[in-house]
Every structure is written in C-alpha cells, then in structure tokens.
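A, B, C and D are the chain letters, set down in written order, and residue numbers restart from 1 in every chain.
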Amino acid sequence: MGQASVGWVEVEATDNVCHAQREMFMGDFKGHALPGFFLITLGIWWTTKCVLKYAFKKQKRTSYYDSKALFRRIDLLEGIVLAGMALIGILGGQFIPGGPHLILYDYKKDQWVRLLDWHHFTMYLFFGLLGVTNILCSTITSLPASFNKLMLLNALFVEAFVFYNHTHGREMLDVFVHKLLVLVICFTGLIAFLELFIQAKITVELLRTSLFLLQGSWFWQIGFVLYPFNGGPPWDLMDHNNIMFLTICFCWHYATAIIITGAIYAFVTWLVKSRFTRFCPSEVELLKNAEREQDSEEEM
Amino acid sequence: MGQASVGWVEVEATDNVCHAQREMFMGDFKGHALPGFFLITLGIWWTTKCVLKYAFKKQKRTSYYDSKALFRRIDLLEGIVLAGMALIGILGGQFIPGGPHLILYDYKKDQWVRLLDWHHFTMYLFFGLLGVTNILCSTITSLPASFNKLMLLNALFVEAFVFYNHTHGREMLDVFVHKLLVLVICFTGLIAFLELFIQAKITVELLRTSLFLLQGSWFWQIGFVLYPFNGGPPWDLMDHNNIMFLTICFCWHYATAIIITGAIYAFVTWLVKSRFTRFCPSEVELLKNAEREQDSEEEM
Amino acid sequence: MGQASVGWVEVEATDNVCHAQREMFMGDFKGHALPGFFLITLGIWWTTKCVLKYAFKKQKRTSYYDSKALFRRIDLLEGIVLAGMALIGILGGQFIPGGPHLILYDYKKDQWVRLLDWHHFTMYLFFGLLGVTNILCSTITSLPASFNKLMLLNALFVEAFVFYNHTHGREMLDVFVHKLLVLVICFTGLIAFLELFIQAKITVELLRTSLFLLQGSWFWQIGFVLYPFNGGPPWDLMDHNNIMFLTICFCWHYATAIIITGAIYAFVTWLVKSRFTRFCPSEVELLKNAEREQDSEEEM
Amino acid sequence: MGQASVGWVEVEATDNVCHAQREMFMGDFKGHALPGFFLITLGIWWTTKCVLKYAFKKQKRTSYYDSKALFRRIDLLEGIVLAGMALIGILGGQFIPGGPHLILYDYKKDQWVRLLDWHHFTMYLFFGLLGVTNILCSTITSLPASFNKLMLLNALFVEAFVFYNHTHGREMLDVFVHKLLVLVICFTGLIAFLELFIQAKITVELLRTSLFLLQGSWFWQIGFVLYPFNGGPPWDLMDHNNIMFLTICFCWHYATAIIITGAIYAFVTWLVKSRFTRFCPSEVELLKNAEREQDSEEEM
C-alpha cells in the first residue's frame, strides 16, 4: 500500500505521459484478454490432467502402463501448445502497429523504445522456455521430470518480478489490481517452489491449478476495470471504495475458480470410473474397493 | 506500522464519515462478539477432536475401527455446524436493520452499498464453503481428506486478505488491533499451508487450534477496546501507550490460549485413559505400556 | 528502515520523555547484560547437549539406554534452571526500585504503569512457560517431546513480537540495534517452526543454538552501545556511520558464535570418543568404524 | 522501493561525499568484476560437479566407490580455491592504495575508517570460512557433510544482510541494482536453508547453481551501469526508464544463466555416458537401461 500512496504523489506529474503510453500498446481490453484466455485454458487443462492422473493412479493395476505412454504424448502436445501461445504473445506484442518491432534502443532520440512491451516480451519468453522444456522432457526420457516444475517456477518468478516493477507512476486503482495479480502469481510460485522439495499430493496440485484459473480471470477483470468497453463510463481510479469492492471481487473470482475446479474433479472422476467399469469384471471391482479403502485410511 | 502512520495523516479528513459508518453496521460490540464466539467454539472443539484422535490412535489395537466410523459421523456434524454458523453470519450481516439486503450497487446514488458488510459476507462465505467441503468429504469416501485442509487454508487466506484491506482511513489503534488479527490469521494460514505438504503431527495441530482460540478471544478484545460497554469512557485511539499495552495484552491472550489447550489435552487424555482401562484386562495394559515406550522413543 | 526514519521525525518531540524513561528501568547496562548472560549460557549449554546427543547416538550399541535416562534427568534440570532464570528476570524487573511492583494501571493518574517493564515481564513469562513445559515433559513420559519445541517457538515468537513494538519514538541507532535483535530472534523462531514439521538434523540444531549465542552477545553489544560504562563518551545515536559499523559488527559477532560452536563440537566429540575408547575393546572399535563409514555415506 | 525514494530525498545532501567515496575504493569497474568473476567460476564449477555426481550416481554399480574418493579430493581442492579467492578479495580490498590497511577506527580524526571496505572484508571473510569448512569436511571424515551447506547459508545470509545495509544515501538506480543483488542472494540463501531440512534433488541444486551464475553476471552488469568504461557517457541514475530496462535485463541475465546451465547439463551427461560406454559390455548397458526406466518412473 506504501507504493500506492507514493504513486499517488507522483501521479500528477506523470499522469499525462502515462495515460498516452497506455492508450497505445497493450493498453486495451484485448491486451489483457489474450493472456487471460491463455491462463484460463491452461488452468482448466492442468486441472483436468491432474485429476485424470490421480484417477488413473487409483486404478493402477489394469491401465497404468498405457496411461504412462499416453501422458508422455500429452506432455509433448502441451509443450507445443505452450510454445505456440508464447510465440503468439511475443509476435502480437512486437509487431502490432506502433509496437517496438524488436528495436530496443532508439539511438536517434537517445531513449528506450516501448519498455512496457519489452516487459510483456520477457514474460512470454519464459513461458516459451517452459514449453521448450516440456517438449524436451517428453522426448528425452533421461531428463528428470521435475525440470518442468523448475521452468514453471522460473516463469512465475519472472512474471511476478516484472509486474511488480511494471506499474510505476500509474493511478492508485491501476496499481492495486496489478498488485493483486502479483500476489496470486507469487503464491502460485511459492507452491511450485515447495513442490520442487516435497512430492506434491493432488490437493496441492489442484490448489496450484485453481490459482491459474484465478490469475486468468483476474486478467479479464483488470481489462474490464481499466478499459470498460461498450462505451460505458470509466471507473474512478482514485476512489477508495473501488479498491474496497475489488478486494472482495478478487475473493469471489477465487470462489468461482474453486467451484470450477470442483466441478472438473467431479466430472473427470465420474468419467474415468464409468469408462473403467465397462471393461473390468466384478473381481477387479472388489480389488479396487479394497484399495480405495486403504487409500482413504492412509489419508486420514 | 507504515500504514498506521499513513492512516494517521488521512484520518482527519475521513474521520467523521468513518465513525458514522462504523456506528451502524458490524460496528458494535455484538458484531465482534459473534465471530469471536464462533472461533472460540471451533478452537475448543478442534483441540478436543485432535487430542481425542491422538489418544485413540495410541490405543489403536482395541478401538481403532469403531473410532474411525465415529469420527466420520463427527466430521459430518462439524460440517453442518460450520455451514450453519456461516449462514447465521451472512444473514445477520445482510438483513440487520440498515444492512445491504443483498444489494451490491445503488444505481440511483451511483455508489457501492455498505462494502464493509460485503467484506464480512465474503469471509463467512468461505467458512461456509469449508463447511460444505466437510460434509462432502465425510459422505463421499473417495474424496481425499486433505480437501478439508485446503478449504480451511482458503478460508484463512481470504479472511486475512479482506481484513488487511479493511481498515482504510481508521484511527491508529483501530488499525493496530486489526493488524494483529491479520497477523494471527496469516500465521494460522501458514501452518495450514505447510500441513498440505507435510503430514501434521499432534504438536502442529495443537498449535493451529490454539491460534484459533487466540483469534476468537482477540475478536472479543477488539470489541472491548472499540465499543466499551457499560458506558465506560472510550479508549484514546491515538495514544501510543495503548498500543504498547495491547502488544502485551495480545501475548497474554496467547498465554491463556496455551493454558486452555494444555488443560483440554490433560482432561481428554485422562478421560480416554480412564474409560479405556475399565474395559481392558491387564495384558492389554502391558501391551499398551510397551507401545508407549516405543512411541516416546521415536519422538526423542 | 522506514520505521527508523519515522522515529527520526518524531524523536524531537518525545526525546526528553524517552530518555528519562530509559534512564530508570532496564535502561542501564545491567538490564541488557542479564538476558545476554542467560542467553549465552543457554546457547553454550544447548550446543553441548546437542553435540553430546549426536556423539552418543553414533555409539548407540553400548551406551544408548543409559544415556536416554541420563538425558531425561538433564532435561528436568534444564527446565528448573530455565524457570529459575525467568523468575529472576520477572522479579528483578518488577521489584527494582522504581519498578511497577505488579501494578499495571494507575487509576489515580489514569495511565499505564511502566509498560516497557511489563514488556520484559511478558518475555520472561513465556521463557518461564518453556521451563515448566520442560519439567512436565521430562517427568510425564506420555507427553510428546515436541511440546518443548512448540513452547520454544512460542517464547521466540513473543520475544520478537514484543521487541518489534518496543522501540517506538527512540533514536535511529537504538531502533536499529533492536531491529537486528528482532531479525535474529525471527530467524531462530523460523528454524524452531520448521523443526516442528521436519525432524531436525544436527546441522539445523547447531544453527539454532549458534543463533542463541549471537542473540546473547548482541544483547551485550546493545548494552555497550547505549550505556557506555567507564564514563566514556556516548555513541552518536544519529550518525549513520555507526549503523554502517554495527552492520558488520553484527556479522563479526556471528562469526565468533560460529567459531565457538565449532570449538564446542570439536571438544565434546573428542571427549566422548576418548572416554568411550577406554571402556570398549577393539572389536567394538571396528564395528564403530564400519558404522561411521555408513553414516557419512548417507549424509553424502 | 520505499528506501529508494528516501535515498532520493537525502541524496542531495550526501551526494558529493558519497561520490567522492565511491571513486576511491571498490568504486570502479574492477571492484565489481572481481567478485563477478569469482561467482561465475563457482557457478559453472558447482553446476558441473552437481551434474557429474548425478550422472555417476545413475551408473552406480560400476564406478560409484571410485567416484566417492574422487569427489572427496575434489572437495578439498574446492575448499582451497575458495579460501584463496576470499584471501585475494580481503587483501585486495584492504591493501589497495587508499584502503583501510586493517585499521578500523581513526582515533585522531575520531571517525570510522572506510566502512564500505570493511563491509567487503566481512563478506569475503564468510566465504573464506566456507572454504575452511570445505577443507575440514573433506579431510576429517567424521564431520557431517551438511556443515558445508550450513556455512554456505551463513555466507549468503551475511552477504545479503551487508548489501541490504550498504547503499545508504546513493542514487536511485544504484540502490535498485543492489536491491536486485540482494533479491537473488536471498533467494539462493532460502534454497540453501531449505536444503538443510530436506534432502536436495538435482533440480533444486541446479536452481541454486544457476542463481550463482545470475549473481555473478549481475555483478558485471552493475559494473557496466555504474562505471561505463571506454569513456562512454554515464547512465542517468535518476531516470526511471533505466529501472524499467534493468528489470527486464535482470530477467534476460537469468534466461542466459538457465541456458548455460542446460548446456553444461547436456555436455556433462553426454561426456559421462560416452566415456562410460567404452568400458562396459552390453549386459551392463541393459541393466543401466532398466535402472533408468525405474528412476524416471519414480520421478513421474
């Protein structure tokens, strides 16, 4: 909150400049909707994959080996999609009209060229590295699978770090909504960091994926707040009541993310169970029940 | 402390408004006593359950299987009570005279309606979600039991987050006592977070439940400080000596919570031991002693 | 550092009052030397005990059972000494000439009585509780041994919390040296907190005990800085160069604490080895060597 | 960022003094290039050693015992090199023309002598202690190997602590680049701290060593920013755009560090595999494959 008030003091001097800057690049609804869409897609997909793995693992005896080869191919596909998303983000940010076109320093004017666009470039770059690592880990079997986690951690760390230094000289509400973004990214990063040390259980993984859903939907919320479309009146960026509202709005986004995660869990578990029951005779069913009993016992 | 002094600067401008607001909703002794009562009840109950489980586990051979079915039914009851508490809190906050009556935005006056009440609504909502998860986990046996922990973490995270953004523009002492609340909630949340990764031992669980006791009794303390009943003179909210006193008062609350936890531990352990000894012959007693020996050895 | 500059602004108003206060209670060299002496004693003792346990564990086969009973009696003694130290600290702080004499609020003058003394009282109280827990855990065998760790964590948490809110309105250097104290206490508390979750290895325990040595010697340093004896000229509390020096002075204290810890490790290991060799024949020696080989392998 | 703005306020008063100070000691390009060179060397070496150990461990059956004796001798060498580096740093800092020449306090002028140089002395001292610990642990076999980790943690903690208190009264950009240094040191320290509690996997170790690479290359970047050689115009230390650029520059340094780490991993793995295949017949090859299968399974 300290920075917010500092920004408030300086804002009068830099207001005009910043406002003009924001108008031009990334500063429209689409610029926030695109990463939001990517993140929500990733969140839903990772939640599905995580529940799928858990459900398959519970029915290990029959289908485990097939599923392992399947997941390896899925990881490869995931890596390609991630790298593709990052490439779209990088090219979209660099080659839109008025973008930096890969020029970093303008020697004529003696100034940096559109540094905020280069910020976005950096974030997409690290998600691209994550995609490349995914591809490498799923094709080269001798690589440790935890390299994926490490690159995810790095991508989140860089994202949080860049967003933290991103909002200098903007209005209070603008800073606040980006602070919340940094908060959720940091928390996701903390979970990914601890997962490097301690083998993750399904609960932790679902927490992480639901935070990706939250991050994605919050990108959309930022877009709605800063660039109200259909010509509505803009939000008062200096009104403290708006901060009070966005505080609880953030929590409601999270409640929605939790409910979506729960729905995916229920649906996928039901799907695997129904598909599996068709193929297995009653003896396997009995074995399965005995195992489930054991599992829940361990968890208690 | 930075925020406190910021609040001190702004307070003269917003003092009248805020005071008026606080008068009307949640801003009386009862509004703090209700959550305090809920939290103390929960704290005592969770401490009892935790010690009970530990004592039963130590005498595993004879009564373990019965106790498991018993605890499942207890969890169901706990979930219903939690959801009921949350419902009371939500309805009480929304439909008291002058409450928001589920209206979020007043389009006539073009302003948000009683956002602080919606803050309380959000907090109760997440504790309600915890109750629902409790009910689901105790009826559907295939759900991992750690989902309860996850929802507890979410409820604590949301509570800390909302309280942190709750006290804008209030007096120094008001901000300070809420800061301490955020501190204890954050610490409880940190423990719940680590419990997701690492199997909790009894000591960690007792630490968590004693912090719930502290949180509940601190709600009462906030009520006493901000709304002194029996017509006594109000506390000077700008006097730094009061902060100095409340610092140690917080520690004494904690000392009390520790002593209560210790008393519950002693009482429940004695109860289980005495009830158990009546039914078991001397051989079992011998076995038990050998086991206890082993347990304490492991712990050393 | 923010608080330091805030304190700098306010200091001119409250300077005279604070200085007068500090003169009278705890505000002399002895008031800092006493807890410093207690902490250094504890640090040296805990280091010795920890190395002793480790050395005995390595030579498990012959003397393990005897050592266990021995350590239980040692813990009892430790608890009594700790409770005694806390009692001395409480009584010394309350009943020195000009102390609060257990009176908290002066209804005549309508103000709190010597709150800084009550701060010290609270800190000693929690170390007293730690002592009582030590006594209980070493006499009642069914209590989990980790309750000691829990109470140690609580004592450290309360100490850090109280010191953090202790230095309002003092001079920059005074605040800075107490900040460093809070830093080392917090770090010690963090280690004790993680030890609740994860079984501690000797390295972690030695880190914790060496931080106690640092804390104790830093108390002495604070005493020397704020109350220079033998009539020397006092330190300039507003000179930033003194902060720059105390930064490295803190590190040198830590280097000394590490070297002392290393010396104790070397001495105790040598003592146990030499005492043990006298009694055991050569076969045991061979077994011991094989075991040590194995141990160091595991650690690699 | 709060400290940055504070520094900005005070900077006009202390600007001349500080600038003069910085000119003379450590305040040139070489003073930053030397630790940067040391850290990059250490980072590359530790990455290589870590991958080497991992590759050898995977081929445990044939060459494990030899490699263990080898690593012990390597550790000894490492310790000697580290102690040597620290000694060069200490002597270089103390006995350059204008250095403090081991004099701490000038009693004639009644002031501290070149405290910033003593800061560097303290940091080198702790890396020297790490070197000594390395030597002791590799010669005395009964010492736990984790003492190395502990001393690494201490060295990092002291480095972060000293740098944090190092930049008082400097310009905004100067403070910012040192803040980033503190950030990366703290993160490295956090990893080393958690490694004390939880046995490190290769991913965590590679993360730690890549952060050393980042730290070293960032030292060079600081040198380039503050002391542009070849007579180029200096950077504007008050321009916020430079902060925006250095934010992403930091991330690009990290991306480079990751790529270098990956290249070392690929090269060393290939080297060990090719060298090993020459000596082992086809049966061992089959065994190896089975083992690798198992390993990757565990990691999934």
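Here, contacts are C-beta pairs under 8 Å (C-beta built on N, C-alpha and C of every residue); 3 or more make two chains touch, one makes a residue touch a chain.
The UniProt protein names, listed by chain, are A, B, C, D = Transmembrane protein 45A.
These numbers come from a predicted model, not from an experiment.
**Q** Enter the minimum step count from chain A to chain C; a value of 1 means the two chains touch.
**A** 2
**Q** Is the contact between copies chain A and chain D built from the same residues on both sides or from different ones, judged by whether over half of the numbers are shared?
**A** different
**Q** Rounded to the nearest 5 degrees, how far is chain C rotated relative to chain D when their C-alpha atoms are superposed?
**A** To map chain C onto chain D, rotate by about 90 degrees.
**Q** If you average the CA atoms of chain A and of chain B, how far apart do the two points sit, in angstrom?
**A** The mean C-alpha positions of chain A and chain B differ by 31 Å.
**Q** Indicate the whole-number Å distance between the mean C-alpha point of chain B and the mean C-alpha point of chain D.
**A** About 43 Å separates the centre of chain B from that of chain D.
**Q** For chain B, write out the residues touching at least two other chains, lowest number first.
**A** 2, 198
**Q** Would you pull the chain D residues touching chain A in the complex into a rising list?
**A** Where chain D meets chain A, its residues are 1-2, 5, 194, 198, 200-204, 206-207, 240-245, 247-248, 250-252, 254-255, 258, 269, 292, 296-297, 299-300.
**Q** Where on chain B is chain A touching in the complex?
**A** Touching chain A from chain B are residues 2-3, 6, 68, 71, 111-112, 115-116, 118-119, 121-122, 125-126, 129, 141-142, 144-147, 149-151, 153-154, 158, 161-162, 165, 168-169, 196-198.
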